[in-house]
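You will see chain A twice below: alongside chain B first, and alongside chain C after that.
Then we have the complex of A and B:
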């Protein structure tokens, strides 16, 4: 992070070492959280009469296709994991970007849903258009819908100061109920008696990486079971764009400046309101893209599964665990995707309820939060002692910046 | 967490891992070929006190009685249906059972990929994206005449209202459906039809929560019906519907459970409409074991005791019991046929 590297440089004679140390500590906190969660999970499994080794073996099998004992197909397991992690990357970015600007986007789920709705609406209405036209159209529609949904929050925050946590959560409900209306009795319903929408036209399908054929046999199974799709490339591109925008553009600089200190950013000539609105627009576009890709590549129609979908909430954990960096988000998404895919295998093979996966996810989040508080406690006296720092830096502002840095802890990683 | 405490936790976990290692080396050997059955629940999960639970009971009974291997995977989101079904099918299970109408399209897709694996689906058929039955020869549809069960509890409600034995004597009853899909509407159709037959003045309010899992959504619909005067509420919404039973209990009116005997869910439950998903699941497994797998629809009705009713927390008067007995006899004899679609949907 440009701003704080400079300040660290002014403070310490050897500029690189503290930032590296902090990055290593941040990584250690994250890895420690994961290890802690798995150890405590093992205790829970053992305490409830299960076998933790068998449970984790099955979990690894289901997630990565390794150490399988029940005859699972490794390719199938990896493919399932990739299908689950793809939307997590895009929604993870949608949460991480506002974090950088000091905003908490709890509404990635709602933005994902409206993205899926817009993609479906366009894909059904213009079902006969060719791929070259329709596919970009549905993806852009999804991004635009997500951007509008989050943009409302940005405008409210910038103009009335309405807290984005409240408004994003509320808009999640609006999106879910809008979806319920649209596919149950509403204009997108397939036909009476179904709680799904009509399927999108073939031109709106994002292709799979392997042929969707029931007769071609790959790794001993029909090729169509491997649902791994080109949406993965879209997601990786989204992560790369996020990193580029954040570190290599004026907008990214403004986002980080506003996140560090709104006062300082304003003093430096950054329009805080404009940055907040733009941040939410871009963030919503990423989440909307996640929804559109899910429809275009996997589901091909809206279903009642979105009533209880949790991708946008898991994304908060992914963004936190991934330190808000592009590479970190991808890694965290791999972990969460593998946990999701592995949970089913764990239940089928080891007889351990798939709910353990949710316990693990919650424990990871919990220990990140706990460590965050601890590091905050450790840092505060250090700031007080740093009398050699420039007088211009007001202690309170510095403390806020330190808290944000602790939350992001990004130096040397991105 | 305190550093010391963390070390203790870590040690405890390591100890648990080590002790577990010691016991994991003795897998049960099974030299003979056993039939393998995989059960995939819908998002209601195993503890829905409703049809997922019943399917599990059927599987458990088959494990004990038939000596099969039965494994279960719960679906946590709709994204899980295809991976969970595929997981069992790819491991060459003999029968893969999908529980619930919501899994129709997933069953349609996966059964096409694994033509040599038998599939069964409760409450539905294997469909394509347009909702059309693909009629795969490896798919058995276990469907129920829910309207028969609905007619029995509708008869109970109708006679109670006619006799003025209900909490508010309002001649108004209601049903809370999950989503307006055929298995739900069958129940409500039989219920409304039979209640009106017993008490022509009765009004039958019908509402939908558009949800099968969240009790809060169903209690909202139920409370609105109670405020309109309904004093017997029939829940047809799986786990969501438990909210109906509780809302009825709080308002001191009667309720009727669905699928399984839900007597214990709330003291307001006077009867339950039963759908013997356990029987259907068991029969499907037994057929595969005996080599009698049959594709297409297998219908469970009052005729073959595939549906029924259970009287619960109140003692039903003699004339109610007589009317239910009469209805049962007539449906079984074919002289009365409850409708599959809700009669006069616009008139309460």
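Then we have the complex of A and C:
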């Protein structure tokens, strides 16, 4: 708000300034959404008899290692946050890319699960292969599985018009039950009575980021305790690839063209069907990679916890909050990674359910979608506005409108 | 395949069709809500969350007031409140309706578990005693008819209510002035506005009704079919109802037929003790069925023309 009112007061014809102003405003809208969500979340905590200050303090402690009261180790908390945010970046990309084509991928969760399944299946079956062969193999297997899972959605959308919102949601459930079947009584089960799979071979492990050393001391603890892993580099590479593909390749151009207007894209000679299918394939590969990395770097086997995993849904908030840009996705992933890491500490230290995190996430989504901030400003027209500035409203919302335009399928959303 | 033989045998039992109808009604209520909401031009994928909220408040209220009717009312209102949020965000603030719907669903998942932890300690809400559940109603004489009596006339009270609502909503949408207005607002809001129809009022009403119906469905699930609340107990039924609505081409009876198909899948799953397939594989059945049904839609299903497009008065 503050940033936007000051810039609105100045008349600035230089071409650089509007784009900076636009970026600042887009950022302000995002930050405003987050602040709004936390304020309302505090009201909910207070209304149900909790202490919002203690809750948020614990949340910040759990997420960033700051303001801790329960003797938590800052390094460990930050490492936890990074472990949480790594798959969020990859699934965030998996949601953001289809957004650009006007498609809603609510199925990143299912694609992540099948990615994890494929990674485990290959990692178990070829457990004896050396790292140089097995590690790329399991990651590619995960990407391929995710791509197939999402590809089904793309093909259905392109050929029969089946709406991707419904088909992706259904495939999420199918993936969840497939997972349960495979590890409980199915072919991947470790042995009777255990609802976990066999572990993947050592050659399929993604190494940790810090040396596995007990003598190197970081934040007062030996380096070997930190779970932060090289999957983070994979995730950052995925975000960079996303940005490159979107803005520097013909495919990326087609994706954006289809997202802006299917009709116009068709006139320009873009095959809308082909683009839809390809978009879903690539998107699914990103989500599948997230699942594969999670297995290869963190869990090393499939467990029941993937049944209750919500990374693929959190990714929707990540993509929207991140404005569908690579840098934005990384920033939003940091926020949500911290929220999830902090949720556990909040539950332990402040006695507030970690599920508050989902409430906050929903509130952030509401406020991004509704753009409450802009509405607030419309209601207070006199404050800080020079005459004739209504035109400045256009760049103010342009960035939001861009994402929102991408959300609207040209042929109507069912 | 013995499994297929088992299913074949199962298809001739009245119990299976009894269960099918009950499962179908669970989907029918939110599907009807979806039909009304989307006919008025507001996309609603939030039935899942409204149902879940309804289910939670049904159990919470029943445990306090010990009265299933009052509890069902609370559940209906809880669904309505969630719908009101969706309505305000989608209509007043012209938000993206899918994002708002997802937000409602995430909110419902979070807030229900949050409230459980706040007020019931760990994950257990407690169980509602049988006497305080929504009762089964045996229709005298008719329930004695062999087969049909069991299937149609020994059902839970909510089943009858839902079937009545099915007819009422069909008549309302296609045979009344109000129904015409709802459909006009969903097809061409500018024209409707010009004709003096209050677009926002109609849309608010339609979206809120979808919440009331979903809330009732949640109550049926929690204190009719089950007797407690479990986190995420709706298990995607709100989404399947959404698919049923699409398959039924945004008509009440079309949606009902789709619900029966999904209900049959659910009933076969619930009777899985005599089918020798992993229960986890069987659990996929309703979802795969939904996919197949959607994929096999002959001709593209056409939503109402203004579905999902926020209306701004006086822009055009």
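Quick note on the criterion: the second predicted complex is superposed on the first by the 333 of 414 C-alpha atoms of A that agree within 3 Å, B and C clash if a C-alpha of one lies under 4 Å from a C-alpha of the other, contacts with A are read in each partner's own complex, and residues count from 1 in each chain.
Note that a residue touches a chain if its C-beta (ideal position, glycine included) is under 8 Å from a C-beta of that chain, and two chains touch if they have at least 3 such contacts.
None of these values were measured; they are calculated from a predicted model.
Within the superposed three-chain model, A:156 lies in touch with chain C and out of touch with chain B [touch as defined at top]. Of the two partner chains placed around the shared chain by superposition, chain B is the only one that A:227 touches, whereas chain C remains out of contact. Once the two complexes are laid over each other on the shared chain, residue contacts for A:140 go to neither chain B nor chain C.
When the two complexes are overlaid on their common chain A, residue A:236 makes contact with neither chain B nor chain C. In the superposition on chain A, A:71 makes contact with chain B only, not with chain C.
In the superposed model, A:34 lies in contact with neither chain B nor chain C. By the touch criterion stated above, A:174 is placed in contact with chain C alone, chain B being left untouched. Within the superposed three-chain model, A:148 lies out of touch with both chain B and chain C [touch as defined at top]. After overlaying the two complexes on the shared chain, residue contacts for A:345 are found with chain B alone; chain C is out of touch. Shared contact residues of chain A with chain B and chain C: 180, 184-185, 347, 353, 355, 358, 370.
The part of chain A that touches chain B in the complex is made up of residues 36, 39-40, 42-43, 45-47, 51-54, 62, 70-73, 76, 80, 83-84, 180, 184-185, 190-196, 198-199, 214, 221-222, 224-225, 227, 298, 300-301, 303-310, 340-341, 343-345, 347-349, 351, 353-355, 358, 367, 370. Remark: chain B residues 1, 6, 9-10, 12-14, 16-17, 19-21, 23-24, 38, 43, 71-80, 82-84, 86-88, 90-92, 102, 105, 109-110, 112-114, 129-131, 179-182, 185, 208, 210-211, 213 touch chain A in the complex. For chain A in complex with chain C, the residues that touch the partner chain are 44, 48-50, 104, 106, 156, 160-163, 165-167, 169-171, 173-174, 177-178, 180-181, 184-186, 313, 316-317, 320, 347, 353, 355-359, 361-363, 365-366, 368-372, 375, 404, 407-408, 412-414.
Of all residues in chain C, those touching chain A in their complex are 43, 45, 85, 89, 93-100, 102-104, 106-107, 109-111, 113-119, 235-236, 239-240, 242-243, 246, 278, 280-281, 283-284, 287-288, 290-291, 294-297, 300-301, 303, 305, 307-309.
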